[in-house]
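You will see two complexes here that share subunit A, one where it goes with subunit B and one where it goes with subunit C.
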Partner chain A sequence: MNVRSQIAMVFHLDKCIGCHTCSIACKNVWTDRKGAEYMWWNNVETKPGTGFPTAWEDQEKYNGGWELHNGELRLKSTSKTKTVLNIFHHPNMPTMDDYYEPWTYDYQNLFNAPEGPDQPTAVPISTVTGELINIKAGPNWDDDLGGSKIYAANDPNLDGLTAEQQNQLSAVERLVFFYFPRICNHCLNPACVAACPSGAIYKRGEDGIVLIDQNRCRGWRACVPACPYKKVYFNWHTGKSEKCILCYPRLETGQAPACFHSCVGRIRYLGVLLYDASKIEEVGKMPADELIEAQREMILDPHDPEVIAAARANGVHDSVIESAQMSPVYKFVKVWKIALPPHIEYRTLPMLFYVPPMAPVMSERHNGPVRNIGENDNLFHEIDEARVPMKFLANLFGGGHEAKVRYALRKQKAVRWYRRSLTVGDVTKELADRILAEAGSTREEAEAIYRLTSLCTFDERFVIPPMHREEAIEMMEDPLEHKQNVGFGFLTGPKRGL
Partner chain B sequence: MDNLATYFDSFFFIALPYVAFFTFFLVTIERYRRRKFTYSSLSSQFLENKQHFWGLVPFHYGIITVITGHIVAFLVPREILWWNSKPLRLYILEASALIFAILAVVGLGAAMIRRLNTSKVRTVTSRMDWVILGLLMLQLLTGIEVAVRYPWGSSWFATSAAPYLWSLAGLNPDISYISAMPFSVKLHIINAYFLILLFPFSRLVHILVVPNPYLWRKRQVVRWYRKPRNA
Partner chain C sequence: MRSQGAGWFTRITQGMGIAALLWCVTPATVQAQEAADFFRQNCVSCHTIGGGRLTGPDLKNVEGQQDREWLVRFMMNPQAVVNQGDPYAQKLVEEARGVVMPQIVGMTRERAESLLDLIAAESKLESSQFGGTAISDAPFTPEEISQGRRLFLGEQRLANGGPPCISCHTAKHLGGLSGGRLGPDLSRVYERLEGRKNLAAWLGAPATAVMAPIFKKHSIKQEEVLALVAYLEDQTAKGGEDMSVGGLTFLLIGLGGSGLALVAFDLAWRRRFRSARKELVLKSTGRGEEL
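Presenting the complex of A and B:
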């Protein structure tokens, strides 16, 4: 057993209202620099939808992630030989057109325009070339466009859905969509790290944050196609790749990352997981339908004395172990099993988990009114008759397999029955207990899920371990000195190489 | 007049190469140590993807082969002469060298047109980029001219240019090997020194950081702030 600690995350999708506050917080702190304008280390997508960059889940196009080949794990986009052959031109490299060309407005024109018959306008100009630009795409271009024939209909997760199910997702006045906020997953088996020819991308041993050493990155750009989540971005100005840093300077000083801190819906949870690093490759090679369970298996119980001893032997600080014992992520992922990794079939073992969305609660599928409460009532719809087809959620959070998603949703549904039996009283306790039992849950667990979902305080959502990186603090001596300048890291300007 | 020619030769074939190589080593090392961030391929593939392939791929494969040929001929001139002792082998060597040189010229031309015509790529193109592109084009064109007009370059490189370069390397420069060379040969040599001189001040430094360690490193990279006891 090789116990390591990892800062892991849970996003509760039922609570996300799609306000993009997280994206703005991140943008203002980290990516308001030349070359980084188009980057959204945190973005919020509408699902079904094509996302950002366009159709990032289409691995036919981008070749992201790992695949099993004769029992061996290998990167889809690159290999040692391919790195040599493709060093001059990467065949799977997305271009700016797959994201969008960033723009600003020519505000000076409002003041400087010569006198004429028309009001001057602030015309859009490209922040890359400075030329006039005809805006054709943006970071949230398909925001709230569930049901759209142009965007939602091209969601790669619609694969394998029947025509009826697809119609169900897009029918007029019944279409349904939900929000899918995304940041770097800080994977256990990161494809970007494995693809980097320069060895510039690394995982921090103590907390598992994946970072790019800006001094070692040479812009070979292999990481961009390799990351199946498209969460590594190429800075076109500096010629270096950049990605979400999980606000490590904030974490090191005990603050939640900017996107977590600012989350209006309080959907975000952050905490430590202890895991067995010796199992990474083994788990990555599991058959697709066993991946979720295998990943859960490698996450260790922080209360187990054996695990604690192994963690200590490996240099994990006692305070970090304590923090792992209080981790909300551990509860959601391992104890309650209601948080699932996105696209586990990419085999990077992401450390950001999602509680799949139940909303809308009322099933409208049968066209009829909500029936009375009873044994077979429809107040909280049968999970398999939800307006979001199970198969769609399974493609996103189950690696294409429905069982784990169904389990997570049934348990969430049971919690609602249980709470209704307490607060409204039109559901008998016996019925609530039966539904809980069917979902593999208990009153105590339901109460705990309810509390951490609905009544959670700041400190319950973010259990940030003391990171014992006190010496690293000089990096942030004067954060304002970095503003609109180097972004992070060192204090000399990010001057583009000659 | 003769005197002037001697001064000319001494300056460009003795002084210039030493200045160029001295600057090359001094500045690349200084730049690597003090401004590591500036070492990058400065790829513009993200901004333009299609013409990128048709320019960059032929250029790189062409130029790498041609430069490798020069280095091999410098290192083992006798073996080159032995190889060229059979006409067929000579023709194969000369023809393939020419093909790769033409590949490089076509690629470089395509890359220059791309830089001119794509407004996004133009914004990330510096003045030094144009200087380097121009010098490289001049170098390739003079090289091809020499190869076509003065056959067989691979043989006389071994008998004249290689000894001259070795004399430079031995700090005992002897320009008698090349003082009688035609103008285009001299231009090719001088231009090469200018490329070496400007190398550390340009994006050419990316050649020094080709990612060879990737071929033998482990897949995953983990950095520890404090080393664990048994990891």
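Presenting the complex of A and C:
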């Protein structure tokens, strides 16, 4: 057992209101620079929709992530041979059009326009060419089903849905969408790290944050096609790749990352997970339908004395272990099993988990009062009759398999029944208990899920471990190395000590 | 910094002084050896001592024809003397059918003097080491010609490691894109240099600015020279027009090759990523560019 710690995340999609505050917080802190205009380390997508860059989930096109080949894991986009063959042209590179051509507006025109019969306007100007542009794409171009005939209709997650199901997604009175905020998943088996020919990308040993060393990056861009989530971006100004750094300077000073901190819907949770790093390869090679369970198996119980001992032996600090024991992520992912990794079939083992969204209440009217659809005029309809087809959610969060998604949704719904029985009282306790039992839950668990979902405080959402940078640094460098050294201007070191 | 720089300067001038001193006290035999080497590297392609004229005149007893001062002046800058309208220099140019002796790199007054000493000494000998290449008038055998061709093409390497002729020169009947374009076409070089003896002397120590530095280090061996002469003589004997690939053919081959390369690249990367968004827009609206 090779126990390591990882800062992991949960996004509770049932709470996301799609306000993009997280994106703006991130943009203002990190990517408001030349060459980084088009980068959205955090972005919010509308589902169904094609997201950013357009149709990034279509790995037939983008060739991101890993694939199983004769029982071995292999990058889809590159290999040692392909790196040499494609040295002048990477055939899987997204084009600028698939992100968008970044632009600004000619604000000066508002002040300097010559007098005329019309109000002056600020016309869009490309920040790449400086010319006027006709904007054809943007970072959230398909937001709230904008252009849905083009974008939502071509969501790669619609794969496997019947034509009727697909049509109903946009039918009048059935229309549905939800939001899907995304940052770097800080994967356990990151494809970007594996693809980098310069060895510039690394997964930080103490907390699993995946970072690009800007001094070692040589701008080969192999990481850009390799990441199946398209969360590595190439800065055209510096000639180096950049990605989400999980605001590690904030984490190291005990603050939540900017996008977490600013989240209006409080959908984001962050905490430490202890996992068995020796299992990464084995889990990565599991059959697709066992991946989610296998990844859960990797995550270890931070209360288990054996795990604690192994963690200590591996240099994980006691305070980090304590933090792992309070981690909200551990509860969502491992205890309650209602948070699921996005697209586990890419086999990168993402460490950002999503609580799948409950679809809106469905109702219908036939020449009379509005009725809720479902068994016995249920207020909370059966999840399989939800507006969002189960298959769609399964493609997103279940690696194409419905069982885990159904389990997560049933448990969430059971919590609603249980709370309804307490607060409104039109549901009998017996019925609530029956539904809880059917969902594999108990009153205590439902209460805990409810509290962490609805009443969670700042400190319950973000259980940030002390980062112990001083210890992490000591692994690489001797802090006393420069003790006798002086700065520029003296030829001999000063005498110190007795 | 300043004093340091001055120090360097002093040291360099001192060094130069010592070098000059060494030069003065160098024993005469060493000087003579040096002059002989210089002669072999720079002069034998056009001159012999007692071997008859090549491109330039036979230098045996040259001091009997002109005084030493004139000769030194001519050796240091032949073109200038010719331009001054010197009648003897004009006569030499005429004899060489318009070829003016090139200015030799490294020809100083001292060196010219030592060369004249060398010529004077060699002139007294029965047969000088610079008597020119003895080359028979017998027709070359087909084996010699084909060996020459192989040497020319680089199929057989030059023994001392010199580059084969084809890397810079072309000739007739080579096929394909023929040879290099840096140096002149050698199809008629036998004719231009007027015979075996001149050609052999030239190949013995090529004297042009481009060839000299290369072949000084990697001289062509005597038997290789003969084979090359045989080949080049055969080229002239075969006659016919200079046949090299014309500019247009070259352009067409280049264009065709580039086109084929592009097609090959397109095939090799036929599954490359082109565009996701444009394709979606085109598929859904039939108007790729407008949305």
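Quick note on the criterion: the second predicted complex is superposed on the first by the 444 of 498 C-alpha atoms of A that agree within 3 Å, B and C clash if a C-alpha of one lies under 4 Å from a C-alpha of the other, contacts with A are read in each partner's own complex, and residues count from 1 in each chain.
As a convention for this text, contacts are C-beta pairs under 8 Å (C-beta built on N, C-alpha and C of every residue); 3 or more make two chains touch, one makes a residue touch a chain.
Predicted model, so just to flag it, every value in this text is computed and none were measured.
Undergrad: Check subunit A with both subunit B and subunit C modelled on it and let me know: fit or clash.
TA: Once both complexes are aligned on subunit A, subunit B and subunit C clash.
Undergrad: Once the shared chain is lined up, is A:Ile150 touching subunit B (first), subunit C (second), both, or neither of them?
TA: second
Undergrad: Between subunit B (first) and subunit C (second), which, if any, makes contact with A:His69: first, second, both or neither?
TA: A:His69 sits against neither subunit B nor subunit C.
Undergrad: So in the superposed three-chain picture, is A:Thr95 touching just subunit B, just subunit C, both, or none of them (first/second/both/neither)?
TA: both
Undergrad: Comparing subunit C with subunit B, which touches more residues belonging to subunit A?
TA: B
Undergrad: Output check: A:His303 vs subunit B and subunit C. Expected answer is one of first, second, both, neither. What do you get?
TA: In the superposed model, A:His303 contacts neither subunit B nor subunit C.
Undergrad: With both complexes overlaid on chain A, does A:Pro190 touch subunit B (first), subunit C (second), both or neither?
TA: first
Undergrad: Between subunit B and subunit C, whom does A:Trp236 touch in the aligned arrangement: first, second, both, or neither?
TA: first
Undergrad: Looking at A:Lys61, would you say it contacts subunit B, subunit C, both, or neither? Reply first, second, both or neither.
TA: Only subunit C is touched by A:Lys61; subunit B is not.
Undergrad: Looking at subunit C, which part out of 5-13, 59-67, 131-139 or 167-175 clashes with subunit B after superposition?
TA: 167-175
Undergrad: Once the two structures are superposed, pull the subunit A residues common to the subunit B and subunit C interfaces.
TA: Subunit A residues touching both partners: 89, 93-95.
Undergrad: Taking the complex as given, what residues does subunit B use to touch subunit A?
TA: Residues 35-49, 52-53, 56-57, 59-61, 119-120, 122-124, 126, 128, 201-203, 205-206, 209-211, 213-215, 217, 219-231.
Undergrad: Along subunit C, where are the residues that touch subunit A in the complex?
TA: It comes out as residues 269, 271-278, 280-281, 283-285, 291.
Undergrad: Using the touch definition up top, name the residues of subunit A that touch subunit C in the complex.
TA: 50, 53-55, 58, 61-63, 89, 91-95, 97-98, 136-137, 147, 149-151, 153-154, 225
Undergrad: Which residues of subunit A touch subunit B in the complex?
TA: Against subunit B, subunit A makes touches at 2, 4, 80, 83-84, 87-90, 93-96, 101, 128-131, 189-190, 193-194, 196-199, 201-206, 214-221, 224, 234, 236-240, 277, 280, 313-315, 468-469, 472, 490, 492, 494-498.
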